[in-house]
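The structure follows.
All chains are identified by letter, namely A, B, C and D, in their written order; residue positions are counted from 1 within each chain.
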């Protein structure tokens, strides 16, 4: 569990580091039980609102590119951006730096140790009903149900899928501060290879069987573009090919049907394949609960196997797909 | 033309390859040719869109490695095509529906031969009931 | 209003009789991931009423996400053809929040100009409501003045009494079909009404909070210029359309054309979200709502102010779907609380 | 509801009688009205939804309407994807027509009034319908003054009409271009200059004819930037805001208040507008 101590230490550090003009990106309580929401802090008085705990599942890296892009002119940044991140989120930040989306010197990356986060959706599934309150105590989630009864859940029972093994938990190659000290829950098994070695559906099933799964999953898509907009690797913002309004015939019809939905997800994954750090945000935010992990796991392993590239783990090397030098060996 | 056997051919500098074009038109009525300036300008999402909506197969025909008019255009494309083909596979489609051929512009026979194999392969898929 | 009891064991028979008159029955069921979803059902076993209301509202059956408006073809001198829905269908198990949303949509689509596509479906709909016993932690219907057992707006309304359902025949259409079910219905008992009140109390106690909006009704526009208030939320917003697409009263749509070939094609409409950057982008490049702050403010003010000006109704029913679906946990209730605080100093 | 005409979403195919180039970006389209629209009253300032069939629909305001001949005229500037398609159309081709929508200028209430028309650029298009209404009904007003500002000489539209307007009785016409140009001897500067009391060619109606503003209406149509300078000038001379009428443009899809794209606060530009008074505009959010 991310301890209160870390939360306090991070706050103290931010107090010291904060200068006028800086923006702090962190978490606060949203008011909905079990849901944390990101917070942008512009003034020193608001630093007290920061709350970091094991419900902080959002990947704050997604907000970084907006500071340096055209659409959101209202938040063009002069000072630094102080961002608090879990080690997995820090990989997205590093990847964005190496994609030249954000300048390195404008970021103060504060990483805190984490041993698994959870979402209110997972807790609801676990207790099989709605709840009205969550307290975090002694490595357990104390859930107050709607009938005022309470139930306690071990942290490791409700970890989100990316926390099943430690492949994203190692220290990023670039950071400014790193806080250690989780408490009272079993650590994530760093040696477990659940994520990297479980056979992919694409390999396990025959193509027609797999196609059926793809069809049933993507049929549900309502194209709200939550997956695209929450993705730190999808940094085209309003320039995205999918909603380019100036084209005479839009590249992707707005009509929602299976063929168009598949096309949308094909374009998205093809574009983010070399940048995806498997943060799992797209799957988490999908209101239709589409299992997008079957795709991003596939692409990540593919890029790793064929190009030897693990996004978010190398600071300087830009992806090979974007870069070619004469004489270099192909695929 | 029905979707199951329509094939789109992206041809690098087609306007300069009249002889090849007439041969293709004569031999393969189901192939639609699209002129592009360099194989390096080929965007895989065009292939996705065609496969999803209109066509059963897409081929990119570019110059041999090292022959590129723009020096390295086709090398970029080769990597992109690789990823695009794997994308098709990742979404449960046959990756061979998208092909890239690299050929010497002076030799027409081997091109026609590979187009022949490709059309056969696509119509074979259709007869097996493998729809996109 | 006449009332009856229906034994739960007879629900199957109820549906069989219903099916004779309404060929398609839509009800909350489970999808492949065991989440509740409104879908076509064939038997009483598929109906799931003991979960929270599905994330996707039943508006899609009246106002589909993509709907053909007309087709055209060159040989026919561009004469458009019109499509009218004729299948009768029933929505079973809609909660009061969804019923009220459909009521609002009826009002909206019938206002000034009639929307024939919506109305033709609405005329074929039988709306069967049910008392809400399973609110989610995001629900706030009582804030919007809707009781969890409110029956108005539905055609018939069920309340779970344990072994039986209390059946209220609310609308004229509901009263007209009462006779078909005579065999399986029994008389309602006087204590049933008390049970209903008790259910209401229990459900109310399960809600996380209730905000009293009577004082600020009609005054929310005064917060228009309070940019700091909106920015608190819009900075976090990622400008996706999850809240609007899952909202039961969001009805904005885009009209697009699709060419099948050069000769023929269709014009269709499809849901659009005011949160998207290109929602009101002019061809000149000027964008009246170019920032996320303006777009978030537009959504909230439309729900809580503009609809009051236009139709004298909130266009929010407190179903909590925007809170449930928000990827970044923006809480509409706390926006309302902030607005209230802003207005009262 | 099976009545075909009840469905407001369906356009009527109409023949293009004439397509002419006004300037390098604007083309003029003369359209034959479908039969059922011939009897309908079309008020100046209203708009139609025009479809380039196969590509999409755009709202275009009426620039002239001839009830006897049953023709209607639109002027379309080439700015977006659909307008580009319109510019590729030619005589005798079909377009889709749906409307008229919106409130239009309250022309019947202009009886005995002085009218000042301020047009900036393509804003002359909707105002032209007002002008031709007046020429068709010469008793409907007292006096009109047309003040027109174009970006440059090559952007001037309705050149032939302007020549006629200059000759009409009870009418005065003034124009200006933004920057001095070779071969242009007229006024330069923005159209709002006509409203300045220090300007040499200031508006006759506002400064000489009716300096108390008792019997005058001002009609303004132009780009958003022009509204700003015009309103500044009008508030300097304390012109009453209820007597100023203007036309708003917003992205629209349906034209009948359903699609939700064009709203400006609780008003829909397609239903409650596009003509608003300056007074109403002050109470609307700045979302236009």
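Keep this in mind: a contact is a pair of C-beta atoms (placed from the backbone, for glycine too) under 8 Å apart; a residue touches a chain by one contact, two chains touch by 3 or more.
On a predicted model such as this, the values are computed, not experimentally measured, just so you know.
The chain pair with more C-beta contacts between its two chains, of A-B and C-D, is C-D. Overall, the chain located most centrally, as judged by its C-alpha mean against the mean of all protein C-alpha atoms, is C. Here the spacing of subunit B and subunit D, counted between their Cα centres, is 51 Å.
The centroid of the Cα atoms in subunit A and the matching centroid in subunit B are 36 Å apart.
Centre-to-centre spacing of subunit B and subunit C amounts to 47 Å, using the average Cα coordinate of each chain.
Rounded to a whole number, the gap between the C-alpha centres of subunit C and subunit D is 40 angstrom. Residue positions of subunit C touching 2 or more other chains, listed in rising order: 254, 256, 259, 272, 281.
Within subunit B, not a single residue touches two or more of the remaining chains. Within subunit A, contacts with two or more other chains are made by residues 249. Residues of subunit C that touch subunit D in their complex: 69-70, 72, 77-80, 82, 84, 108-109, 111-117, 119-120, 221, 224, 251-257, 259, 262, 265, 267, 269, 272, 274, 279-284, 286, 288-289, 294, 298, 301-302, 305-307, 309-310. Listing the residues of subunit A that touch subunit C in their complex gives 30-40, 58, 62-63, 71-75, 120, 129-132, 146-147, 216, 220, 222-226, 228-230, 237-238, 243, 245, 249-250, 253-257, 281, 284-285, 287-289. In the complex of the two chains, the subunit A residues touching subunit B come out as 202, 207-208, 210-215, 241, 251-252, 259-260, 262-263, 265-267, 269-270, 273-274, 295, 298-299, 302, 306, 320-321, 324, 326, 330-331. In the complex of the two chains, the subunit C residues touching subunit A come out as 31-33, 35, 52, 55-56, 65-66, 134-138, 205-206, 208, 231, 235-236, 238-242, 244-246, 254, 256, 258-259, 268, 270-273, 276-278, 281, 290-293, 323-325, 327-331, 333-334, 337. Looking at the complex, you find that subunit D touches subunit C at residues 1-2, 4, 6-11, 13, 51, 53-57, 79-81, 83, 94, 96, 224, 249-251, 253-254, 256-266, 271, 285-288.
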